[in-house]
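The chains carry the letters A, B, C, D and E, assigned in the order they are written, with residues numbered from 1 in each.
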Amino acid sequence: MLKLEGVTAAYGQSPVLFGIDLEVADAEAVTLIGRNGVGKTTLLRTITGLHPVTGGGVRLNGAQVEKEAAFTRARSGLAYVPQGRGLFGHLTVEENLLMGLPALSGRATAKREIPELVYDLFPICRDMAGRRAGNLSGGQQQQVAIGRALVTQPRYLLLDEPTEGIQPSIVQEIEVALTRVRTELRVAVLLVEQYLDFAWSFADRYYVMQKGRVVETGTTADTPTHAVQRYLGV
Amino acid sequence: MDFTFISGQLFTGLSVASILLLAALGLALSFGLMRVINMAHGEFLMVGGYLTYLAAQWAGPTLGDAWLWVAFPLAFLGAGLLGAVMEFAVIRRLYGRPLDTLLATFGISLILQQAARQLFGSTGVPVTAPAWLGGALTLGDVTLPFVRLFVIALALIVLAGMWWLLNRSPFGMHVRAVNQNREMAAALGVNTRSLDMLVFSLGAGIAGVAGVGLALIAPVNPTVGAAYIVNAFLVVVVGGVGSVLGAAVAAVLLGFVTALAEGFTSSSLAQAILLVLVVAFLQWKPRGLIPTKSRALEEA
Amino acid sequence: MRPSTSTIAVIAVLIALAFAPLYLGAYPLTLLGRVLALSIASIGVSVVWGRTGILSLGQGLFFGLGGYALAMHLKLVATPKGELPDFMLYNGVEKLPWFWAPFASAPFALAMVLILPAAAAGLVAWLMFRRRITGVYVSIITQALLLAFVTWLNGSQGLTSGTNGITDYQTFLGVGLRGPDVAHGLYWVTLLFVALALGGTAALLRTPFGAILTAIRDNENRTRFLGFNPAAFKIAAFMLGGLLAGVSGALYTLHLGTISPAMIGTAFSIELVVWVALGGRASLIGAAAGLVLGQLAKDRISSAAPDAWLYVMGALFVLVVLVMPQGVAGLIQNRRRPPAPMPAPQNPVAQNPVTREVSDAV
Amino acid sequence: QSTVKVGVLHSLTGTMAISEITVANAAQLAIDEINAKGGVLGKKIVVVKEDGASDWPTFATKAEKLLTQDKVATVFGGWTSASRKSMLPVFEKNGGLLFYPVQFEGNECSPNIIYTGAQPNQQALPALEWALSKGYKKIFLLGSDYVYPRTANLILKKHITDMKATLSGEEYVALGGTEFSSVINKIKAAKPDVIINTLNGDSNVSFFKQYQAAGYKASTLPVISFSIAEQEAQAIGTQLLNGQYATWNYFQSLPNPANKKFVAAYQKKHGAGAAITDPMAHAYMDVYLWKAAVEKARSFEPMAVRKAIVGISMDSPLGKITVAPNGSLTQAVYTGISGAGGQFKVVAQSKGVVKPEPYDKLAFPGKTCP
Amino acid sequence: MPSELPETLLDVRDITVSFDGFKAITNLSLSVPKGSLRVLIGPNGAGKSTLLDTIIGKVRPDTGEVRFAGQVISRLPEHRIAGLGICRKFQAPGVLEGLTVRENLLLTARKDKGVLGILKAPTRAEQERADELLRLTGLTERAGVLAASLAHGEKQWLEIGMVVAADPQLLLLDEPTAGMTAQETAQTAELIHALAGRHTVLVIDHDMHFVELLGAPITVLHQGQVFREGDLETLRADPDVMEIYLGRPRELMAHG
C-alpha cells in the first residue's frame, strides 16, 4: 500500500501542499484530478522523492520513505512517468528501456532484462528500438516512457497526465495497456489526469485537489464526472 | 626548411597533441558529460605531477626505475580522491549552474596552487625519468625521444579505455542518461549522487595520470596545470563537447597547428595564432568537429 | 517618478565619496581612486553577465584596449620630439609603427579609449552571437581571445613593450602627472566617471532595453520568436560592457602610471567577475560595491598575510557561489521582497531538456 | 631608541617567490646585522615587508603604499625588469629611493633607483667574449620572451656581428613555458657551437631535460646561462646541468673573506644547505651601501642619500665594489662551470672591475645617463 | 505567380523537410486564407509541429517555399519572420520568467523591436493594450509579479495574451489546451473565435471536444502529407481517419 499522511511541501518559502492524505491500495487504480497549478505534479514528485516534503509522511509497503532518496524508492517498486515524459533524448529507445534496469538492483527475484510484455503492449518500443528517443513524436515518447516504467517491474506506477498531447487512438491504446498492466501485473496506478472521461473509465477511485489540498474523494462508479466538474472550472 | 626539420616538427605536433589529449580527456568527462566547468582541472594534473615526484622520491631508492609503475596508480587514485572530495563538498551543490561552477572551481584552483606553493615551493620539482626512457629512437636525422613516444602511447591507451567505457559499457549509458536528466535517472533507481562522484573523480584521476606524463617531460610547479587548462578546454570545444573521439582529433589538429606555427614563427606568437584560429574555427563549426546536440550547455 | 531609497542611498554614498580627499590620507585616497576606476569595469560585467547572462572571462581585453590607447598617447607625449619611445629603441624598432602615429593626438587617443574597446567588443560579440555561440562557450572563447591578446602583447615587445607594459608618463593634456597635487583631481575625475557610468547604465536599463536583456537571459529563443533579434541586443550589451571596461582601463592606467599585460590577464578578468558575484551580479550598485570592497580587502589582507591571501580569496570564490549566488545585493533584496521562485531546474518541465517539444520551444 | 623605516618589496607569493624570498632574506640579514650593531645614525631599522605577488602592478601599488603611507626612508626590492619599470614612476613621483639588486638590460637611469645588479656590459658581453675566446663562433640565442632577454640579445647581436662571429638562431619562449620541442628542432637545424641562454625560472629545467633527451650534452653543445645561479642550479640538478656555464658578478664559491662571513651568517639563519646567489649578494650589499650613504649624508632624505652614495666603495662578498655616478656598481665579472651541489667553479674572470655602462655604445650609440 | 488569390495569407508550397534523412514532411502544400480559422490534426509524428517550425523559420525546408502575404519567408531570419506578423504559441509555456506579467505584455506589444527603437518608453497605446490584455486574460491582479511565479495555467494564459499583444496577422497555436481542464478549454475556444476574423489563426490540437467547439475547417496531416480536409462531422465518419487517428468512439471501446 502507498499511503500519504499529512504531506506538506513548498517551493522555497512558498508552500504548495498543505497536509495531503491519500492512499492507493495494491493493484488499485486511483486518479487525482484538479485544476492547473493545484499541486498535482508536486505531489507525485514528493512521492517519488524528487521533491522534499516539509512535513508529513509517505509510506510504501508500510515503510516510512519520505526521507529516502528517489533511487531507493524506485528500487522498492515505485515507478514514475512524469509530465513531459522525461525520456533521455540522446539515448536510443532501447537504451531508454534499459535504463529501467537499475531499479532492479538489490531485488533478488527480478530478471535483469526488458520484459516481453513491454514490447507486447507497446510495439513501437521494438519497431523504433534504434532511434533517438528525442526525435520521436509526443505520442511515441509517451508509450516508451510508460514502457520504461514497466521495465522497473513496479508495484506502484505514478502517471502524470499521460494523455496530454496524445492522439485519440493512442490514448485508447494507452488505456488498454494500462488496464492490462493493472490486471495482469497487479500494479497499483496513481493517475493524474485532466481528461476526465479517460480517468473515470480507468480508475476505481478519485481524489480532487484544490489549492494544495485534497477536497473530495470517492469512487468513480458512484460519482458522475459532471459532479466533479465544478472543481475544475476557472 | 629541409625534410629533417619538417619531420621533426611533425613529431613535435604529435607530442604536443598527446599532452593536450591527456589533459583534455579528463575534461571530456567532467565538462563533456557533466557540463561542469572545472577550472581546477589543471590542478589535478598538478597533483598527479607532484605525486609522480613523490613516487620517484619514495619508491625510487627501493624499486629503482620501477617507481614509475607506482606513480601511475598513486597519481590516479590521489587525484581521483581529491576529485571525489571536491565533488562532494562543492560541485554537487552546483549542478545546472555551469557559470557558478566555473567561479567556484577557479577559487579551488587558487587554493590548491597556493597549497602546492607552500608544500613544494614555486619552482618546479624535477622528476628524472627511468633510464629506459632516457634514449631516443633515431630515424635518419630525426630523433624521437623515448619519453615522448611513451607519452604518446599513454595518451592512446587512455583514449581507448575511455572510449570503451563510455560507448560500450552500461556504466557509460548510465552516465549519459544521468547527464541528460538527472531526476528521471534517479526515479529509475540510479544512484545519481554516487555516479556523479564516480564520474567526476574518474575525470580527476585521468588528469592525475596526465600529470605523470607531464612530469616526465617538464618540471612540476604550482602553475603547471594553469598552463594547460585553456588549451585543454579548447580541445574539448573544438572536438565537440561530449565526444571523446572529437577531442582526440582536435588534440592532433591543435598539436600540428602549434608545431607548424612554432616552426615558422616564434613560440609565443604561435600560441596567439592558435587561439585565434580556434576562435575562427568555431565560427565555422560552433559545435565542434563532432557535435552532440546538447541543450544543457547552452542554457547556462 | 520618485527616487527609490536605494537611489537616495547611492547618491549619499557618492557625495560622501566626493569629500573623501578631506578626510582620507594620501595612500588610502589613491587606493580608493584606483579601485573606483576599476569599479566602472564591474558595472559593465553586471550588465553583460548579471543582466544578459553572458559570462565573459575576457573583459581584460577591453580594459586593456582602453588602457593601452591612453598609454600610447601618454608615452608619445613623454617621448622627446623626433625620438622613438625608449622600449622600441631597445627592441631594435627603427620607425614608429603606423598604428602608433595617430596616438600623438590627444583627441584621437581619447576617442580611441572609447571606440577601440567598444568596437572590439562589438566584433567579438558579433562573431559569437551571430553563430549563436552561448553559455560556457562564450566564457571559454573570451578567455582564449584574451589569452591570445596578452600573448601577442608579451611577444611583440617592439610594438607593445611586452611584459613590461607601457610606463613612465609625464604629462596628460599639459597637466603634470608626477606632482602630488594631481592626486585629488584624478580622484574627482574618477568619481565623476563612476557616477556617470552608474547613472547612465541604470537609466538605460530602466528603458525596455533592460527588460529585453533580462528576457534574453531567461529565454533567448522565445525572445527571438517574439520578433526581437537577440544577437543584436547581446552585441549591444557586450559593447556597453566593453566600453565601460575600456574607460575603466584608461582611468586605471592614469592612476597606476602603467599598463601591462599582467594587469589585464586571465586572473584579473576572473577576479573582476568574482567581485561582481560577491556584490551581486544583477545589481549595478552591488557589482560596483563588491569590487570596491573586495579590492580594499585584498589590499589589507595581502599586506598583513601574503600567504593567506590566496586562500582567503579562493575560499571567498567558493563561498559566494555556494552560499549567496545572488551576492550581497541579493541577500539585501531577499529580505525586502518575498522570496523569488526556485531556479528553473526544480521545475519538472524545464528540468527535462530532452523532449524535443519542450527543449526546442524554450 | 628611535627608529627608521625601510621597505622590503619582493614577491613573497606567485611564480617569482622562489627567487625573491631569498633575496628578501638576504636584505633582512644585513638589516639584522646592522641593528645588532646599533643601527644607522643611532636609529634601529624597522622593516615594512610587502608582497609584490609576482604581479607588476601590485609592485607599483605596494611601492606607493610604502612611500606615502609608511613613509619609508628607502625601499629594497624588485627582481624582474617589469616590476622595476612599474615601480619607477611611483618612486619618481614621490621622490623615493629604490635599491634594485638584479642583473638587467640597462637602458634606464632613473635618479631614484640604485641599480646594483649587472649592467649588460657586466654580464652578457663578458660572457660573449669568453665564448668567442673559446672558439665558439656560431651562437644561438635562447631566452624567455620579455624585455631583459630581448634587449640583452639585441646588444649581443650587434657585438656578434661586430666581432665577425655568426648568429645561428634566436628563439624566445613565453615566461614559464615548458615545451621546447620546436626550439630544439630549430637548434638541430641551425647547428650552433654554443647557446647563450636567458631563459628564466622553470623553463630552464624543461629546456635542459628536453635538450638532453634530444641527445645533447655540455661537451657537444655548451650552454652559457645568465639567469641560472646556485639556487636554480640546485633545482635543475647536477645530472642535467653538469658542465654548463653561467656568468655573474658573484658565485657562492668565491673565496674572499667577506663572502665566507656572509655565507656563514646566511646559512646559520636559513640552514646549512641554503644556496646563495648573485642577486642575494647584491641585495645584502644594497643595505650596507645605503647605510654608508646615510651616514655620509647624515640624513635619511632619499635625494641626499642618492647624492652621497656616489663613490662609496667597499670590500664585499662580490669583491671590491664602488658606486658609480650613474647609480650602478663597478664590479667584477665571473664565468663559472656548474658542478656538484649546484655550485659553480670560476673558470674565467674579468681583469679587475668593470665599470657599469647602462647604454651599450654599439647598440645605442650616443645615449648616456643624464 | 500572378494568379495568386488575393486573400491567401499563408501559402506553403510543396515543402519537404527532413532530419538526418528522415522525411518529416513530404511535398506538403497548404494555403490559409486571410482572416480564417484553420485546425490541423493528425497522428503523433505526422509533422504538424514541424510545419509550424518551418513557418516560423526554426527549421528550413529542403525544397519548396513558404510565402506570407505574397512574400517568400522561408529564408528570412526568425526575428524578421516574427516581425512580419507571425506569432507562435509553443506548447510548453514560453513566458519571459524574469519579467513581470505586465512587462511581458508590454514587450510583445511593441511595434519597434530594434535595438535603438527599444530605448523609447512604451507608448500610451502600448500601455493601454497591455492593460486590456491583462483584463482579457484575467491577470490584472498579477500584473506586477514575476512571470516565473505564475502557475502553469496562468502562464498559458499569459502566453496567449502575449501572442495577442503582438497583434500578429497570423497566429499559430500548437496544442493550446494541453493540460487544461474542460472548462478552460472552452474558454480558450471562445477566445480564439474572438480573434479569428481580425487575425488568421492556425490551431493544432488533439482534443476533439475543443476541435468541435472551434467549428472550423480541418486539415488532417499524416506522414508529412495532407491526408484529408473537411469538417469534423465528415472526418469522424471517415474510416481511414478513424484508423490512423481517431480510433473507435469511447462508448464502443469501453466494452471492447
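FYI, contacts are C-beta pairs under 8 Å (C-beta built on N, C-alpha and C of every residue); 3 or more make two chains touch, one makes a residue touch a chain.
Because the structure is a prediction, the values reported are computed rather than measured.
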Interchain contact steps from chain A to chain D (minimum; 1 if touching): 2
Greatest separation from chain E - chain, by CA centre: D
Centroid-based (C-alpha) most distant chain relative to chain C: A
Whole-Å separation of chain centres (CA-atom averages), chain C against chain D: 37
Chain D-chain E separation of Cα centroids, rounded to whole Å: 76
Computed distance of Cα centres, chain B from chain A, in Å: 43
Distance between the centres, which are taken as Cα means, of chain E and chain B, whole angstrom: 48
Residues of chain C engaged with two or more neighbouring chains: 151, 154-155, 307, 310, 340-341, 344, 348-349, 352-354, 357-359
Two or more partner chains touched - positions in chain E: 91-92, 149
Chain A: positions in contact with at least two other chains: 14, 50, 82-84, 86-90, 134-136, 138, 165
Interfacial residue positions of chain B with respect to chain C in the complex: 35, 37, 90, 93-104, 106-111, 113-114, 118, 180-181, 183-184, 230, 233-234, 237, 266, 268-269, 271-272, 275-276, 278-279, 282-283, 286, 295-300
Contact set on chain D toward chain B in their complex: 13-18, 145, 171-174, 176-179, 181-183, 185-186, 188-189, 201-202, 205-206, 209-210, 213-215, 232, 235-237, 239-240
Sites on chain C touched by chain D in the complex: 25-28, 30-31, 34, 86-87, 89-92, 151, 154-155, 157, 161-165, 167-169, 177-180, 256-258, 260, 262-263, 299, 302-303, 306-307, 309-310
Contacting residues of chain C [partner chain E, same complex]: 204, 207-209, 211-212, 214-215, 217-219, 221-230, 232-233, 236, 340-341, 344, 349, 357-358, 360-362
Chain B partner contacts - residues on chain A that touch it in the complex: 48-50, 69-71, 74-75, 79-80, 82, 86-91, 95, 98-100, 102-105, 134, 148, 152
